[in-house]
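Quick one: this structure, given as structure tokens, is what I'll be asking you about.
First chain written, first letter: the chains are A, B, C and D, and each begins at residue 1.
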Amino acid sequence: MSETHATHEAHEEHIVSPKVYALIFLALLVGTAITVGASYIDMGPWNPVIALAIAVTKATLVVLYFMHVKYSSKLMKLTVLSGVFTFLILVGMSLSDYISRAWGQW
Amino acid sequence: MDHISPVLWQFLVKWMTTFAIIPPEASTIAPRMDALLVFMTLVSIIGLTIVALLVTTFSVLYRKDRNPQATQIEGSTLLEATWTIIPLGLFLIMFVWGSVLYFRIFTPPANAMNIYVVGKQWMWKAEHPGGQHEINSLHVPTGQPVQLTLISQDVFHSFSIPAFRVKREAIPGRYTTVWFEATKTGTYHLFCTQYCGTAHSAMIGEVVVQTPEDYKAWLASSTSGISLAQNGERLFSSLSCGACHNGQPDARGPNLANVYGSRLTLTTGQPVLVDEAYLRQAILNPSAHITQGFAPIMPTYQGQISEEGLISLVEYIKGLNSNYRIQQTTNTSDLLPEGPDKPGKASAAQGVTK
Amino acid sequence: MSTNVLLPDQTTARVPKQNYITKENGLMSWLLTGDHKRIAILYLISLTFFFFIGGALAALIRLELLTPQSDLMASDTYNKVFTMHGIVMIFFFLVPSVPATLGNFLIPIMVGARDLAFPKINLLSWYLYMAGGLLALYAMITGGVDTGWTFTTPLSTHYVNTNVVTTGLAAFIAGFSSIFTGLNFIVTIHRMRAPGMTWFKLPLFCWANYAAAVLMVLGTPVVAIAIVLVALERTIGIGVFDPTKGGDPLLFQHLFWFYSHPAVYIMILPGMGVVSEVISTFARKRVFGYSAVAFSSVAIAVFGFFVWAHHMFIMGISNYAALVFSLLTMLVAVPSAIKIFNWTFTLYKGSITFETPMLYAFGFMGLFTIGGLTGVFLGVSGTDIHLTETYFIVAHFHFVMVGGMLMAFLSGIHFWWPKMTGRMYPEKLSQLAAVVTFIGFNFTFFPQFLLGMLGMPRRYASYPPEFQVLNVFSTAGASILGVGYLLPVLYLIWSLKYGQVAGDNPWQATGLEWQIQSPPLTENFTEIPVVTQDVYDYEWLERQKEHEVTHVG
Amino acid sequence: MDSHATAHSEAHEHPAHLRHHFMDAAQQKESATFGMWLFLLTEIMFFGGLFTAYLVYRNWYYPAFVAGSHTLDIKLGMFNTLLLITSSFTMAMGVWCSETRRKSGLVWSLIATIILGIGFLGIKTIEYKEKFELHHVPGTSFSAASFVNPPLDAQGKPKDTPLAPDMAIHTEVYFSLYFAMTGMHAVHMILGIGILFALLYKSAKGQYTTGHNTTIELFGLYWHFVDIVWIFLFPLLYLISRH
């Protein structure tokens, strides 16, 4: 019975308040500003890392709050993660070829 | 397999080639490949037999007439673990064995004689260091490792010699290499195995394996009068490469003598090994291949030199071992063709580049 | 030989008047239907159509290869024929075959739901499939395409003059059809299970289709974007794969095989699901090691994403990458081995009968074992050098796809035919067809292993004369195989009217689909069942029957 | 992990929007959201192919990517980012309005989203037009001349470091990817705006604010996803080595 109860809770309409939306919106604006600002500072190889880190943070905020994943069932969270995982396989395994091509005469 | 019992192995190979199950074994790689293939085939046949026997036995023993009531069984972790681990183990053995073979086939030995092969729709053009060209055929001597440096002018092609058990794709825009050492004289099939358009099935030819003496005779008889390096030298001169790469201390371009096989550091700080592929890239895309200490002033030669021309230039630079030669090239704009390079000399020149 | 079949008394039995077929009449009631069973029938009819087009093209290929010269067709025509054979068979037959017909029909019933989660999207997927298929046929009629089904760049982008973009678009559209099918399955299996139907009570057919659906959803879009980029390169000349502009043609191969390798698992996994059901039913026994078989499906799906570059071992990927992809390929071979042995041991202490679906399933096990083991030859990087791009690879994937998948498909069609139509197929004739198919198949494709060993390259319109003997064998076998495939079409159509009335559960199988009437009602269940029994619970079935008998008595 | 199936349908009247094969509205909504997420996964993988290509070539032809990136207007790009983020916010507010049954709020949110979306596409058009004029569109009209000899600024100094010709031609790869990525993104925007108009029409008629707002929520997911793609595209395409 506890199972049923748990699922019912997941179905409870969780209405995210406009306040949260506004906060996230602000965070996204700040994030954009930081990205642009950071791109003007020379940090060597860290520039793209910082830019991507900020982008990932912004995307995570959008996914969690605007897209309500924070308030969704475990299944949704796993679904999102599996998508990201497969994306990383595609990018990572492809790049493994390109990176290792530079190692030797092959 | 061939290490365990050479006699048995010879018998087996003879039998398999006679009944046309495998192509003739004509390279040093071939017996190694066949040993692995025989091992894998045996494992496969045993595996298949086990499955087939079990299915047949169970079908007979437990058919409904004999066994009207089934006994329900959940499964058995022990059994399942057995048929997870045993196949995995066998597959891993095959993987290790196969990978060793793979690295062997795609890692040419240092003393290999280099033949360039250019693939285009729909023919193979082989260029021997001595300047001998052949279309849709390849002459090689026995007992000498031969490295093929392949490139395609248009689409993917694949250079396949079943009798040698080697195959490598010719890719547009990049050198690939493969090597073999022929062991048996004769004429063997040469196929393009990567689908390359309309006349794909006409892109076939023959590999002629000759004794070193016959090969030498063939080289002498089919010379074009100018070796690849000589042709490269002419190009070097006509493209005025020597204006910068003149080997002088104040030269605007790096010294090319003995550059082949050395390790350079680029302006990006990246260390590189100078091989054929690097030389080709450095001529076509110089700005990404600037040696440390030099200005990025070299123009690109993309579209100005054919693949054959590039091969000649690369071959010329590979053979450079003194500045004197370059200065000679620079000074004499009009070169007298010399006598054809002897194959022995060509392969010796490759050895010198270290 | 005794049989497992239990048919109702033919003198009194009738196919129920109320069912999903008789619910509504008229063409529009089919073309606008939301009923998963009707969509499955639509798919079955159109798939059969495309299968025979692909089959006709295969016949042309085999005829051309009867002689060493390219005399029946010019090599140009031959190239178009094998390209279309590949495209039609892969995108319009194999990928949708089991999921779109049997999966569509059965998954909602097996999980105890009234329909798939999104009936309209299900219908849309059929329309996309038809649009893609007809577009491909249109491209074939108006000049064809000769790139091979792999659309290899730069051949496809710069060096051929045929309908690459149209065919690419067809494959793109068909891709979305398969994405929608997969999406529907995943949601249905996650969200629509009947009360009491836990994951481990799901039939293995559902697990297998679930795994295939994951591959469809995550893999297909990558080939879609690869095809879009090829089309853009052909039409406006962007330079992502063009070596003259600095692009890397190998990148296309990476993107293409990222989908197209998992695609072979999309094709084979549902077939494995069918075999699990059939073997269990005709051995009257639980599948040996249910969870191992279930998880091996998932393992194949997950590992399937890690191995794609084994298609490129000699194409200039780095040797280190070849090492890694080869190792991972060995790992993906293991779950298939597990499945084979688990099916074999399902027979142990069973009570086996040999109806047609079982014969096809045995055929599947034999041919798939050969196909799988020869796959290891190609996954080992060393032997791949000699065998790749030859007839060995052709034989290998035909053993898996035709020997494996098509056998499973026919097994499933025969197995669920009584459920879909309410009538039995003629048993003796169909057993004959199964045997003919098996013999014809081996005659056709086994010689190709030898051809490959000897080095005969694939996609050759003409070949050196010494290969002719084996090619003649292969062509002769293909004609037997053709008969084997034609027979079921004839007698299955015949059985629609003249077959024996099947009753609800002719095989005495345990799945939820066998506990409802055949053909089912549009809403499948009059009342959503509450699942208490275990999966493949034959003892429960016996008790049910006794219960009924005492009730009636 | 997932025990939804045990959620039993009790005897309750079926609302009009509940399709016959679902047990209850909650199951229908969960299924729809889950289905939408799976669709978004396919979108991730769709763009994944492009991102892979981008990463490969960015490593190969970094100077060309820097030069190509410098021709993009960072102000326009940033403004577009702001537009899109704001439109995401208005869309989120639209979802909130439909959840809390505020009809006029929903209508106005959708209108704002449409305007912002069209604004984004408008600016994109301006940017594309400039690329056409500069011959930076890949294809037959492409010219890498402006990278070999960058245009001069007011002081007569080149605006950007000149590229060697062999590297300059690789800017075509950068622009190929730029157009493929932003083009695919724009196609998604155009589709989204089309759907937005339909949603606007229906919500003006009072739909989606009666308790059944799944459609709006699903569209919100889509719109936010398109926003996320841009969040990555902006730094990757516009902000390469700006210092």
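The rule is short, and it goes like this: contacts are C-beta pairs under 8 Å (C-beta built on N, C-alpha and C of every residue); 3 or more make two chains touch, one makes a residue touch a chain.
Values in this document were obtained by computation on a predicted structure and should not be read as measured data.
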Chain pair with more C-beta contacts, B-C versus A-C: B-C
Chain nearest the overall C-alpha centroid of the shown protein atoms: C
Chain centre separation in whole Å, for chain D relative to chain B (CA means): 46
Chain B and chain C: spacing of chain centres that average the CA atoms, whole Å: 38
Junction residues of chain D - those touching two or more other chains: 2, 4, 6, 8, 30, 34, 38, 41, 44-45, 48-49, 52, 56, 61, 169
Residue numbers of chain C (touch at least two other chains): 190, 218, 222, 250-251, 254-255, 258, 316, 319
For chain A, residues that touch 2 or more chains besides their own: 75, 82-83, 86, 90, 94, 106
Chain D - residues contacting chain C, complex: 2, 4-6, 8-9, 19-23, 27, 30-32, 34-35, 38-39, 41-50, 52-53, 56-57, 60-61, 138-140, 142, 169-170, 172-173, 175-177, 179-180, 184
Chain D contact footprint on chain C (complex, rising order): 108, 111, 113-119, 121, 179, 182-184, 186-187, 190-199, 217-222, 224-226, 228-229, 232, 236-240, 245-248, 251, 254-255, 258, 523, 528
In the complex with chain D, residue positions of chain B that touch it: 284-288, 296, 298-300, 302
Chain B-touching residues of chain C, taken from the complex the two chains share: 1-4, 70, 75-76, 78-79, 146, 148, 152, 154-155, 158-160, 243-244, 249-250, 283-286, 288-292, 313-316, 319, 322-323, 326-327, 330-331, 333-334, 337-338, 340-342, 344-345, 347-354, 362, 365-366, 369-370, 373-374, 376-377, 380-386, 388-390, 450, 453-455, 457-464, 466, 538-539
In the complex with chain D, residue positions of chain A that touch it: 3-4, 6-8, 10-11, 13, 15-18, 21-22, 24-25, 28-29, 32, 35-36, 39-42, 47-48, 51-52, 54-55, 58-59, 62-63, 65-68, 72-76, 79-80, 82-84, 86-87, 90-91, 94-95, 98
